[in-house]
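Take a look at the structures listed below.
Next come two complexes, and both contain chain A; in the first it sits with chain B, in the second with chain C.
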Partner chain A sequence: MDWINAIVQGILLGGLYALFAAGLSLMFGVMRFVNIAHGDFIVMAAYGALLAVTFTGVHPLLSMIVVVPGLALMGYFGQRILLNRTLGDDILPPLLVTFGFSIIIQNVLLEVFSADSQKLQAGALETASIQIAEGLNIGLMPLLIFLSALGVIGGLQAFFYRTSLGRVLRATSDDQDTVRLMGADNAKIFGYATAIASAVVGIAGVYLAMRTNFDPSVGPARLLFAFEAVIIGGLGNLWGTLAGGIILGVAQTIGAQIDPGLQILAGHIAFLIVLVVKPQGLFPKMKG
Partner chain B sequence: MPEPILQTKGLEAFYGDFQALFGIDFEIHEGETIAIIGSNGAGKSTFLRSITGMLKTQGQDIQFLGKPVGGATAHSLVKQGLAMVPEGRKLFPSLTVEENLMIGAYGRSGSDWTLETIYDLFPILKERRHHGGTELSGGQQQMVAIGRGLMSNPKLLLCDEISLGLAPIIIKDIYEAVPKIKATGATMIVVEQDINQALAVADRVYCFQEGRVSLTGTPTTLTKDEISAAYFGLEAEGAQ
Partner chain C sequence: MSMSYTVQRSTKASRVAMTVGVLIVIGLALAPYWASRGDLRMMVEIFYYLALAQMWSLLAGYGGLVSVGQQAFVGLGGYMLFALAAFGGVNPILALVLAGVITALVAIPTAFVAFRLTGAYFAIGTWVIAEVFRLGFAQVSALGGGSGMSLPASIVRSIAESRSGREHLVYWIALAIALGSILMVFLLLRSRWGLAMTAIRDSETASESLGVETYVTKFLVYVAAAGMTGLVGALIFLQKLRISPDAAFSVQDWTALVIFIVVIGGIGSIEGPIIGVIVFFLLREIAADWGSWYLIVLGGIAVATMLFAPRGIWGLISDKWDINLFPVGRRLITEKD
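Then we have the complex of A and B:
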C-alpha cells in the first residue's frame, strides 16, 4: 500500500510540476524563447500572493484574483517593451536577458522580503483529505492542484484549437515570418503568448505558496522541474507536458519511498533516462 | 486614367551591402493582371518582398490605394488589402487545410471571400479540409496557399512562383482558377519563370533583369526576340 500511496501522491505532485511547466512550454512553443527566469517569476507570483493575503486577509486561493491578471499584464508589457527587443536570429540575447532577470528578481525579493522561509496558510484545506482505501488518503489540496492543472491544460488546449487567436499562435509557432503575411503583428502575438504564459505562472505561484515553503532562492529549482517536465513530455505538446510532470512527480515520490534523501535525485534520474532513450520526449509535437 | 492601385517609383532594395533592386518603376491599375517575368536572381521576389513590407522600405516611394506605404509593416498592409501567396507556399504544418484558410482571414477587411467561395473555386479542398496543411499534394497545397491569400479579401493579390515545382498538368489546373479570381474584380500580380504561362494570363508584362525593369508591354505587342533579350540579357542578334 505504501508504494501505491507513493505513486498516487506522485501523480498529484505532477500536477504542480505541470503548472510550473505549462508557461515555459507555451513560450518556447510560440516564440522559440527560453525563459531562464521562469522559476523566479513563479516565486515572484508566490510573493505577490503573500502580499495580497497579508494586506487583505483573504484566503490564499482568492489571491489568484489579483495575482493572475497582475502577472498577465506584467507578462504582456514585459514582452512588448523588453523581451521582443531581444528576439531575433540569435538565441543568445533572450537567454542572457532572462538570466539577468533571474538574478535581479532573486535579489529584489531578498531585499524586500528577507531570506526567511514563507508559506501561505490555507487553513482547513491543508489538512483535509479523502480516504480512498485503508492507508491511502488523498489530500484535498494536492487534488485541487492536480485538477487545476488538468483545467489549465485543457483550457489552453481548447484555446489553441478553437479560437482565432489560438490558431494564429500555433501558426506563429510553425513560421514566424509567414504569419506576418496573414496580417498578424508578431510583436502583439508574442505579447499575448507571454501574457497567457504569465497567467499560468500566477496560478502556479499561488499553489507553490500554499503547498510548500518558499524563499527568494527557490526559483531556479522550479525552473529545473519545469524544464524536465517539458522535455520528458516532448516540446510543444501540452498534454505531454502534463504527462512529463506526472512522470517527474512519481519518480520523486518513489525515490522518497526508497529513501527520503533520494527524492530529488530520482526525478533527475528519470529525466536523464528519458533524455537518453527518447531525446525528443515521450510525446513529440502532434500535427493539428 | 485613374490612380494606379499600386505604384513604385525608383524602388531600391538591399540585402546588407548587396543591392538587389536598382530603381524599379512599376504601376498596376484596378482589375489588371500583371505578370513579372525574369530569370533567377532578377529581383522578382525581392520586389514582392519589398511591396509587402517583408523587407524594410523606409523612405521609399510606394503608393498603395493612393496612400504612401513606404516603411509600412507587413501586417498593416494586409489590413489595407494586400495579400501574398508566398513562394514555396509556406503553409502552416500544424494547422489543417481549413485552419490554414481561416488564418488568411485573420487580418481581413471586408467579407467577399469565405470558406464556401474558396471551396467553390477549389472543390478538392473541401474534401481534404480536415487534413494537415502539408499532407496534401503540391498542387493542392498551392490551392490552399492561394485560397489563404484570398481569404483576407485582398484588393491586390500577389502570387510568387505559383507553378514552381509542379507538373504541367497541375499548373494548368491552378491557372484555370486565375480567370475565375479575375472575374471577381481582383487585381493580381503574378511572378513567373514560365514565360508562356505568364503571357497567357497577363494583361501586361514586366520583365526584370539584374534588379532593373528591362522590358514592359502587353503580351500581344511583345515579340519573342524582345522578351528573350530582356529575359536573358542577350541582344536580339546574339539570340539567334
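Then we have the complex of A and C:
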C-alpha cells in the first residue's frame, strides 16, 4: 500500500509540476524562447501572494485575484520592453538576459524578505483529506492543485484551438515570418503569449506558496522540474507536459519512498533516461 | 591591374601585446617575493576565475554550447582531488592533474546525454546534469555526504612542509593553469578545429554542408573544456582544503559569476575574459560590504551589456580601434601592383 500511496501522491504532485511547466512550454512553443528565470518568477509570485495575504488577511487562494493579473501585466510589459529586444537567431541574448534576471530576482527577494523559509497557511484546506482505502488518503489541497492543472491546461488548449488569438499564436509557432507577412504584429503577439504564460506562473506561484515551504533560493529547482516535465512530455504538447509532470512527480515520490534523500535525484534520473531513450519526449508535437 | 595579397596573422598590436604580456607574466611569477599573503590568495582566485571564464567563453563564444552546468566539472575535479589524495594516497599535485584527466573522461558519457538537447535546452540540460552530480556526491558517505570533508592534515603537509611553501606552490599552479587556459584557447583557435568552430558559430548549417564535422568538433571542445574546468576545480579545492556538495557544485559561484565575467568582458575572444575578470575583481573590492546588492548590480550590468553591447567591453574596444592582442584570426592584406 505504501507504494500505491507513493504513486498516487506522485500523480498529484505532477499536477503542480505541470502548472510550473505550462508557462515554459507555452513560451517555447510560440517564441522558441527559454526563460531561465522561470522558476524565480514562480517564487516571485509566491512572495506576491505572501504580501497580499499579509496585508489583507484573505485566504491564500483569493490572493490569486491580485497575483495572476499582476504577473500577466508584468509579463506583457517585460516582454515588450526587454525580452523582445533579445529575440533573434542567436540563442545567447535571451538565455543570458534571463539568467541575469534569475540572479537579480533571487538577490532582491533575499534583500527584501531575508532567507527565512515561508509558507502560506491555508487553514482547514491544508489538513482535509479524502480516504480512498486503508492507508491511502488524498489530501484536498494536492487534489485541488491537480484539478487546477487540468483546468489550466484544458483552458489553454481551448484558447489555442477555439479563439482567433489562439490561432494567431499557433501560426506564429509554425512560422513567425509568414505570420508577419499576413499582417500580424509579432512584438504584440509575443507580449500576449508572455502575459498568458505569466498568468499561469502566478497560479503556480500561489499553489507553491500554499503547498510547500519556499525561500528566495528555490526558483532554479522549480525551473528544472518545469523543464523536465516539458521535455519528458514532448515539445509543444500541453497535455504531454501534464503527462511529463506526472511522470516526474511519480519518479520523485517513488525515489523518496526508497530513501528520502533520493527524491529529487530520482526525478532527474527519470528525466535523463527519457532523454537518452526518447530525446523527442514521449508525446512530441513539434521539432525542437 | 592585378592584385597581390598576403594573409597576415600577427599585427603590430599583437606583437606589442606579446612583449608586454611576457613582462607581466614574469612579474606575476615573482609575486610570492613581492606580494602579501592576502594578495597572493586573491590572485589565485583571479587566476582560477580567468581559467573558468576562458573555458566558458570557448564553449559559448566559439562552440555555440551555452552551458549553465560547468559547476558539474568544477565540483567533480574538486572531489576527485580529495578522493585520490585522501583514499588513493596519491600525491596531491599528481592528484590535481589526474582529477583533470578523470573529469575529461567523465565528460565523454555526459556529452552523449547533454548533446541530445540543443540550444537553450542544452543549457538547462547541463544544469540538470550538474544537479545529478551534486545530489549524487551528497549520497556518498565516504566523502562526507551532504556536509562534505576536509583534506586530512597529513596530506596537506605532504604538499609542502610550511604554510607559506604551500601557498606559493598553489599560487604558481594557479598562474600556470590560467596561462595554460589562455594558451589552450589560443592554440585551439589557430588549429583546424578552431577554424571549424568559428565556421560552426557563424552558421552551423553552412559549415556542415562544407564538410565540417560539427558534432565531433563540438564534442571535442566540450570534453577538452571539461578537463580544464576539472583541473581548475581541483585547484580551487586544493586552496580551500575543504569541500562539500553545495560549495563544489554551486551554480552561482562557478557558472553565474563566470558568465557575468565573460559577458561583461566580451564573449568569443581571448581578451574579453581577461578584461571581465579584472572588472569583476575591481567591482568586488569596491562592493565588499554591499551584501546581496553586489550580485544585483553585477547581474544588472551583465543584462545591460547583453542588451546594448552584446560583445562586451572588448567588443567596443576592438570595434573602435580594430585591434587584436591575440593573433587568432586572419587578415587579408591586398596590394595594387
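One rule holds in what follows: the second predicted complex is superposed on the first by the 285 of 288 C-alpha atoms of A that agree within 3 Å, B and C clash if a C-alpha of one lies under 4 Å from a C-alpha of the other, contacts with A are read in each partner's own complex, and residues count from 1 in each chain.
Rule of thumb we're sticking to: a residue touches a chain if its C-beta (ideal position, glycine included) is under 8 Å from a C-beta of that chain, and two chains touch if they have at least 3 such contacts.
Keep in mind it's a predicted model, so treat the numbers as computed, not measured.
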Which of chain B and chain C A:Leu125 touches, first, second, both or neither: neither
First, second, both or neither for A:Leu62, with chain B first and chain C second: neither
First (chain B), second (chain C), both or neither touched by A:Ile103: second
Broader residue contact with chain A after superposition on the shared chain, chain B or chain C: C
Chain B versus chain C as contact partner of A:Asp175, first or second or both or neither: first
Common interface residues of chain A - those touching chain B in one complex and chain C in the other: 288
Residue numbers on chain C that touch chain A, as the complex places them: 60, 66, 68, 112-113, 116-121, 123-125, 127-129, 131-132, 135-136, 138-139, 146, 251-252, 256, 259-260, 263, 267, 291-293, 295-296, 298-300, 302-303, 306-307, 310
Complex contact set, residues of chain A against chain B: 164, 167-168, 170-171, 173-175, 177-186, 285, 287-288
Interface residues, chain B side, partner chain A - complex: 52-54, 73-76, 78-79, 83-84, 86, 90, 92-96, 99, 102-104, 106-108, 132, 135, 148, 152
Partner chain C, residues of chain A touching it in the complex: 33-34, 36, 82, 85-86, 91-97, 99-101, 103-104, 107-108, 110-111, 220-221, 223-224, 227-228, 231, 261-262, 264-265, 268-269, 271-272, 275-276, 279, 288
